[in-house]
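You will see chain A twice below: alongside chain B first, and alongside chain C after that.
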Partner chain A sequence: MQDAPITPDSHFRRCPDVRFRAMGEEGMAIRQQAGEVLVLNDTGMRILDLLDGQVTVAALIQQLASEYAVMPETLAEDIPAYLAELCAAGLVEKVRENAP
Partner chain B sequence: MPRGFGERFIDAWPTADPVPWGEAVLSLALPPRPVRLLGLDERQRNWLGERYRFRAGGAGAGPALRLWRVASEGFRQRGGERQEYSLDLYHDPEELWVAGWQFLARLPWSGEALAEIWTCETERGAFLGVVENVLRILTARRVLARGGVVIHSAGLQIDARAHLFWGYSGAGKSTLSRLALAAGHGVISDDLNVVLPGPGGFIVERVPFAGDLGQTDASTGPLPLGGLHRLLKATEDRREPLAPARALASLSACAPFVNVDPHRTEQLLDNLAVLLKATTVDSVYFSPTGNPWSLF
Partner chain C sequence: MNHADHIRRLWNDNVPYSAMVELTYRCNLDCFFCYNDRRLPGTPLSVEQYRTLFQDLAALGTLNLVLTGGEPLAHPAFFTLGRLARDLGFAIRVKTNGHALRGRLLRRLLAEVEPFSVDVSLHGARAATHDRQTRVPGSFQRLLENLPAMRDAGLRIRVNATLTRWNEAELEAMYALMDAMGLTLQVSPEVTPRDDGDRSPAAINPSPGAVGRLLALQQARLRDQGIDPDADADEAATVSTDKHCGAGSATMTVDPHGNVYPCVQFRRRLGNLHEQSIREIWAHSPALSTVRQQIVEAKSLLDRERAAGRPLTGFCPGNAHAQTGSPLVFHPMARLRQELEGSAGS
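Presenting the complex of A and B:
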């Protein structure tokens, strides 16, 4: 089955078995079920922190644009791919699409 | 209990109608507090006394680990050669269940509550293996509860301080430990070392759980922690900075037993974060033919 595309209305959340901790300019995340540990940069940690299942991709982009002085258009190009990477790494999962 | 837990080792739950093996008691000086082993027979007490000879005493005080004798019919029989194997673990918020060949154990989270082993094992080596498997896990949990951590590492004494070189299997812990002995440095353990907060900073305590090198001189008392070093093999010796998040990630992967307990992850990360802020942390690359001591 093909994954549904990531749209501005998509919602993501951290996987329930993921624990994470910021340290210095980076952070680390543990996938407890898989026994894996991953190191993320500051932006990755912030994204993980924001993905509570309530925030949409569009809202995530707006939030990051306000914090990191990056154009929303640039983030709109980069964030879906990054979210897909986080999904593939087992750190986050897509939860639902907004009803039309 | 989840479906499938312990099935490799257990046919029928062996905790019904257990009886003590005997009335003998042995106290083992393990950090953070001595552990009293209850319900032993005289033969088992002698075996354990020999195995942990520098640490074994009388009845003593401290939290207890009770051994129960159960019928062998409840356990599956191990086939083939005896060799290392993985235990089955079930993590509950309040207690941990452990299943292995010829035994089942329950370890409460509270360091003061009674832990229990149900076993039918009567052969000396296998019996000692059962007890040591449980003691290693018990120690890791109790140390974590005290703000410390057990680290899979080579613990070396350099200039009256303990330096822990952590790494995965094959990183060179036993090789470095042999080099340390040859160079006149003390080896605390080449496998598991206990770090605990002390009044003047973190200290390293010796535990009788050795790796390939075997048990070394047991006279070493607690030592102040001199540094934490991620160990990697290389063609020449050098030290490099290690970013805190990478140290945290790598160390958490080398904190055995508690790092696979989902109910203890936050505490493990808390303890490690405090530890990392309090001590020197870096990567040490060493050559088996070099002189890594010149780096310190």
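Presenting the complex of A and C:
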């Protein structure tokens, strides 16, 4: 599932054991099962906050574009790679693809 | 930015990353050297007040929430509060004596609170020693039964011990006992005064020789793990700070009656949650401003000692405050460690 391509309709969610908190311009996330602490920037924390399993990648990009001074086209290029990084870090997981 | 650098930045920015909440001073053990002031006057916080506190802490940036006591599981609303903390996204650490943590209680803790870790206390390697300190016969045997069950249930366990005159002969045996269980033991070399100022627990402070053995053992165990105990964290850090520690900047402690302190050791009252919110205390407490300045002064003091070739690695402003009345006076254990580490390095 994790290896399937990330499309605008893909859904991601925070892994259930992840605890996180924004602290000023950065934040910290803890993977409880692994006992690992990670420091994330403001955008990373906001993405973790938004990934509740319901929002699609397309909706995530729209939301971030409305909050940050970044063009949606730029985000569309960057976000899939960033989500893949968050997956690799054990912070988020892909939950399902929309039915065709 | 790495974790250590981030923590130092939190010190600088006064983000209370870690909050320790003493839910109750009730306990099912009766440890001789317990630091709690069980006669502390005041009104316990209600569940609603804890809800407000936890919500405020989350807004302030607290991620690490330590539920302690006394015995926190003895609080009648422990699970209500634990679930509340879990739902607010805290990484929860429970400091318990472990005496009752078995069976249904253990299952509920895992399912309802989902703690990041649990800290338990070991008082010796033999029942006679452990039970002498806890003053509850059978507590050693009970802990030895509970620890494997806790470990096998998936809890991340950290075992803490305080080195005392009564258990110092069993120091190596305590490490061996926990090693055999696959558990991490952390040993503190100092018995601190009670929070009401009573210094009678100091009667069982360990001998200087035992403290030296502990320091040597801790260093050897670090080397066994491939960690250089002499590496200077200050020089490796890329984020500079003018503070000695995070007391009153990245940490706070709240007692069962709502009194707020800079940390668990530094019992200088900053305010009370019956009178003010934690947000107000954190932003405006004059006592907290003083504490933060003192932590800066402590760093300057230690920098001068280090520059003179006399580093003090064991200095704690909270301990100093408890033992000397000032957070800026080197307390005896800090001086002893300075002497021992100096002689080890020479």
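One rule holds in what follows: the second predicted complex is superposed on the first by the 98 of 100 C-alpha atoms of A that agree within 3 Å, B and C clash if a C-alpha of one lies under 4 Å from a C-alpha of the other, contacts with A are read in each partner's own complex, and residues count from 1 in each chain.
Please note the rule applied: a residue touches a chain if its C-beta (ideal position, glycine included) is under 8 Å from a C-beta of that chain, and two chains touch if they have at least 3 such contacts.
Just so we're clear, the structure is a prediction, and the values are computed from it rather than from any experiment.
When the two complexes are overlaid on chain A, chain B and chain C occupy overlapping space and clash.
Superposing on chain A, the segment of chain C with clashing C-alpha atoms against chain B, chosen from 21-29, 39-47 or 273-281, turns out to be 21-29. The contact surfaces that chain B and chain C form on chain A in the two complexes overlap at residues 17, 19, 21-24, 26, 28, 30, 32, 35, 37-39. Residues 17, 19-24, 26, 28, 30, 32, 35, 37-39 of chain A touch chain C in their complex. Across the interface of their complex, chain A is touched by residues 1-3, 6, 9-10, 13, 15, 17, 58, 61-63, 89-91, 114, 116-117, 156 of chain C.
For chain B in complex with chain A, the touching residues are 243-250, 252-253, 259-260, 262, 265-266, 269, 273, 276. Chain A makes touch with chain B in their complex at residues 17, 19, 21-28, 30, 32, 35, 37-40.
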